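In the part that follows, the structures are each spelled out as structure tokens.
What follows is chain A paired twice: with chain B in the first complex and chain C in the second.
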Partner chain A sequence: MKRRTKKIGERGKPPLPVLLGTRNIGFSRMRGQLAPYAFLSPTLILVTLFFFIPLVMVFILSFTKLDMTNFGILEWWKPVNWSLDNYVKIFTNRFLSRILGNTIMYVAVTLALFNVGMALVIALITTHIKRRTGFAFRTLWFLPRITPVVVYTMMWRALAGPAPMGVINKYFLVPLGIGGGEYLLHTHPWVFVFLVNGFIGASFGMILFASAIESIPKDYTIASRVDGASTWQTIRYVELPMIKWPLLFVTTYQTLSLLTSFEQIMLLTDGGPGLYQTEVWSLTAYHRALTSYFGNTQWGYGAAWAVVLVIIGIVMAVIYLRVFKFRELVEEPKIDQL
Partner chain B sequence: MLRSKLKPALAYLVLIVPSSLIILGFLWLLITSFSTRVEGLQSLGWTLNNWRFLWESPFGPQYPSIWTVTLNTLVMSLIMTLIVVVVSSLTGYALSRMKFPGRKGFLSLTLILHAFPSVTLLIPIYFVLLWIAKIPLIGRDVPLLGGFGYNTIGGVALVMVAFQLPFGIWIMKGFFDNISWDMERSALIDGASRFKVWWQIIMPNIKPGIAALSIFSFLTAWNAYLIPLTFTAGRAGKSAVLSLYLQNFISESVMTEWNAVAAVGLFQLVPVVLFFLFTQEALLNIYSGGKKGGV
Partner chain C sequence: MKIALEALNKHFGKVKAVDNLDLEIGDGEFVALLGPSGCGKTTTLLMLAGIYKPTSGHICFDDRVVNHLLPKERNIGMVFQSYALYPHMTTFDNIAYPLKLKRVRRREIKERVQKSADMMGIGDLLDRKPAQLSGGQQQRVALARALVKEPAILLFDEPLSNLDAKLRLRMRGEIKRLQEDLGVTAVYVTHDQVEAMTMASRIALMNYGVLQTYGTPNQLYDHPDTFFVAGFIGAPPMNFLEMTFEERENGFYLKTQALEIRISAERGALAKQNDIPQRVIMGIRPESVSIVAERDGDFKAEVHLIEPLGREDLVTFRFIDEEIRVLVPAPFDGRIGETICLKLDKEKAHLFNPETEVSVLRTGNGRSS
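Let's look at the complex of A and B:
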């Protein structure tokens, strides 16, 4: 416990100026040139196989009508077979506005209430109460993340179940006389979509914020106490401004991960219970392309849905680089000249 | 006086109310796995029947037993962890300590991939795996792993490695950046190769980083659902992993045995919870190395 505090505490210090590297002895031109690429080669191979080729392919596929029935027949790599039909199909889809609305609502509400909101609340409270208790609570909140997602969603279905089986109905709603004991997943599917995703999402920000708060030098908080600030004032005027970067980071990073995550929704409601009621963009892409619903695995059409997300992803990633002071991150290494 | 006591109480309340949902959920899971039926948290009859899968295959002998599936999951998780740690520390080292043309481009690429929604590439990755499966020797029929193509443990592990890499590289680079290079420099002057320096001098010095990344990768792999689901054919095949094995109990046509699902789920969960309890201190370190990545 002590070791960790110290470690995090040390992060606050500015890096020592590097005094070495002024003298250039000119070591090893010989092995030098190729060595870096040898170190990078495994990553290069994997990134090519699973990012570059797929990225190019997803664009090409999105212009074709490739599906399971014409697989091996359609020469999808030939520009002759490319067209914008899939995109026309997406933008004339009569459920488009509903899916788009769902996606925005899902990302915005989960992010605000849980991935950032709840995460910040837990991090703040657990760092201001007894250390051990704080740790216990953070472990508890980590559980949803390490629970197999199938079991986790099943657990939530049990919580939402109809009376007398459902836990929430049996112990809270029925005794209080709220509702008729219906299956809550059918009556309030969105509440559970937010809860199920939010409880997983909160742990990411929680850990980051908690370690950021703990790395704030104690002098600052003590000084504010001495000046007569209340706990809330210390949080508001000392701690929150100091964790500005983690806050911004979690917000941008989690926006992207929420935008593309659909496992939980797929297992919880699979876009239902009503027609496209909880269907989000990424789930649509998956449904069209890879589940043989009515036996239609429309790879091309699904790829077109995915491409829209890919473009959003690239744009946001580039913005994210700008915001996070990219130049500092890529400063030249100090070694390599002795 | 009252006010000063009220506020901590309020804080605890804010913490406990949402937390109680998690507690209730897991309590339900535990009770269900030992019951014939439950009503809320109340068991309507205790039984060990749900845990039968431990000693006999519930779907008949032609299906893999839970132990085969567990072994698959373990192999996949370990392979994935091993590759992630080795590859990210190689790359992280090069990015942290070496100067070469294209370094800046490579770093920005890593960062972009770090934020990139890789799930959107599932469709074409399916095709890539189909190609790999056609390559002789590594594609198919490798002992234990099955190979690196479609519908093999190795293939699934490889995809997960690729998804984990940008994060791993970034974390490892952070850890390498934090160690001074005095020792390394003297070793290099003495004529050691870069590879030797990396393996013998630097790696032992970033054990906390290696531990943190390993734990994180292992947890990710153990619970992986979407990637195994998408890239293995059938959930009872010979490359099934635990999260898919669960799906066998959930069926649209027959009554789902939720109690058995709970038991299998706990079977999958308990090892990682124990693992997590013993390693959480080390896991929290992950963010001290990745500090520069905006974390």
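Let's look at the complex of A and C:
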């Protein structure tokens, strides 16, 4: 990064020193070196204000006992008031294994079945049928993503309602003789957590995979078919390896966004219906830090939950880069010599 | 394997990419599909490969209609302009791919891949990825991949267009030699008439989806059927002059403002028999015009441009408002602006009807003389 800005700075030198006269060279050089920072400054200021400072603050807060009751009294910025108590509290929490298990299940199942799995299936199907039909289908599938999240989640709650109000019960389950028409969010909360997140999540990968598949030059698929491959073999041996990069990106990106996403779960079950039944890590952080739990709002404790989540996310990202051999993906081709 | 195309059509919406094509290719023959871009030659090739289904008509391999056969059931090998080597596979895996799909045993795959790689002179590059190979090497890998399954038909889609001039010349010879050694039927799509002339035993020249002519390179060069063929084949291209045809008591004449030539009674009669109109297009190749002393010349022209080609010089002459390009032995000692006498080899002149664009010197069997 540093080297690059320097390079731009050098290139930014005006190419007409003769016209400017010798006296001005010093000034123009300085201006040339400052110009890139001037252009960068709006972004730098925004990133510093709304990303970097909050990040540092959350990190510091996670070592303090700051909450609503001692706000304004506790000098949280002083190292004297810092301790590892919050972290000890997290790792001795008797619901820790349940929350961790919920998080892993939520991320793994939603990612595998929907955000990557179904996204890939839809992308493959819609790129191997008539172009226009495929495009229309993908557009439809994209609708949940551009629907306001509250409306979308409330719609699912209504769908899951007990008979005779709930659509799923009334028109599918009861006529088929499945279940007694109970509120489905109470009987199968996880199914709905997966579905609600998955239907939105799959659209992201679908768009990326479909455009990646469509941008594979036709010669490769023709060559593969002439070489004797069936459609499935062409997908397996030629198309999938060629979209490795979007696969890595979607898997990594969606893992991280699933780890930190909780709004649909909050609106759908709010961690229930049983004690911590669908509570995931990020929802716990939110509950501890920003809802009035046990009469106070434990900012410091919630921040500690968030920090652990960030560390989990970083570890996951590094593992993905290793598994997908990121270095090989960005390897530059050797210069063509005849 | 013999190939026969019968009344073959391929339409994309309203566009007739291939229009009523009839073509026969003999066993072991090397045929070039030649034409400008968008003429339907690649569409024809992809129909042979089984990628496109014909709108109507038949494709026969050895008298068997194969319209409905999938690419993998046709036993063909194909080489692309882009090489289309799978970038995530090594050279070995690329060449082995057709065999792997056929579920050939691993040991046999290894032997056959090594054999065809050695034949192409890339036996020591088997563990490289395509990105680590030069264009020429990639081309050889693509050839090895096409040959490894011992296909009955080899299809080439402009395979040399991405190579530099020197390498192209070499690969041209290598492909031709390889095809002859293996005795495999080959169909070669190209827009480069030199490539088609040098490699193919017969050339099918196409334009706007329609087959213009089908014959040996020499037939196409010496006796073009149509105005399009005459203009497309040959580099530098044929000269065309608009002339008036006249029959007089003492023979047949072609006239313009600047020159008047007499053509032989035999050719004149043939032209008359083919309903030669009064206005005709005369075509003459640059090598059929020569510089002569003043008394032997047909007409005088001014030197306009001299392009040395090494062995010969290509000289552009101007007379009145016409231009004619002439190949003269190098070095040409004339100067720009100088007026020089030229003579046409009348027996090598071609005459075309400007309306139908068909040669009026064609004989009964359809071939112009």
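Keep in mind that, in the parts below, the second predicted complex is superposed on the first by the 276 of 338 C-alpha atoms of A that agree within 3 Å, B and C clash if a C-alpha of one lies under 4 Å from a C-alpha of the other, contacts with A are read in each partner's own complex, and residues count from 1 in each chain.
Just so we're on the same page, contacts are C-beta pairs under 8 Å (C-beta built on N, C-alpha and C of every residue); 3 or more make two chains touch, one makes a residue touch a chain.
Keep in mind it's a predicted model, so treat the numbers as computed, not measured.
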item: Partner chain(s) touched by A:V149 [first = chain B, second = chain C, both, neither]; value: first
item: Partner chain in contact with A:F137 - chain B first, chain C second, else both or neither; value: first
item: More chain A residues in contact [chain B versus chain C]; value: B
item: Which of chain B and chain C A:M242 touches, first, second, both or neither; value: second
item: Chain B versus chain C as contact partner of A:P189, first or second or both or neither; value: neither
item: Which superposed partner A:L61 touches (first chain B, second chain C, both, neither); value: first
item: Chain B and chain C contact sites that coincide on chain A, given as residue numbers; value: 333-334, 336-338
item: Residues on chain B engaged by chain A in the complex (per definition of touch); value: 7-8, 11-12, 14-15, 18-19, 21-26, 28-29, 32, 38-41, 86-88, 90-91, 93-100, 103-104, 106-109, 111-128, 132, 158-159, 161-163, 165, 169, 181-182, 184-185, 188-189, 193-195, 198, 219, 223, 225-226, 230, 242-243, 246-247, 250, 258, 261-262, 264-266, 268-269, 272-273, 276-277, 280-281, 284-285, 287-288, 291-295
item: Interface residues, chain A side, partner chain B - complex; value: 1, 4, 7-8, 11, 20, 25, 27-28, 31, 33, 35-40, 42-43, 46-47, 49-51, 53-55, 57-58, 61, 118, 121-122, 125-126, 128-129, 137, 139-144, 146-151, 154-156, 158-159, 164-167, 170-171, 195, 199, 207-208, 211, 231, 245-246, 249, 252-253, 256-257, 259-263, 282, 285-286, 289-290, 299, 302-303, 306-307, 309-310, 313-314, 316-318, 320-321, 324, 326, 328-330, 332-338
item: Touching residues (chain side chain A, partner chain C) in the complex; value: 217, 219-220, 222-230, 233, 237-238, 241-242, 244, 333-334, 336-338
item: Contacting residues of chain C [partner chain A, same complex]; value: 46, 49-51, 70-72, 76-78, 80-82, 84, 86-89, 97-98, 101-102, 131-132, 134-136, 145, 149, 155, 163-164, 167
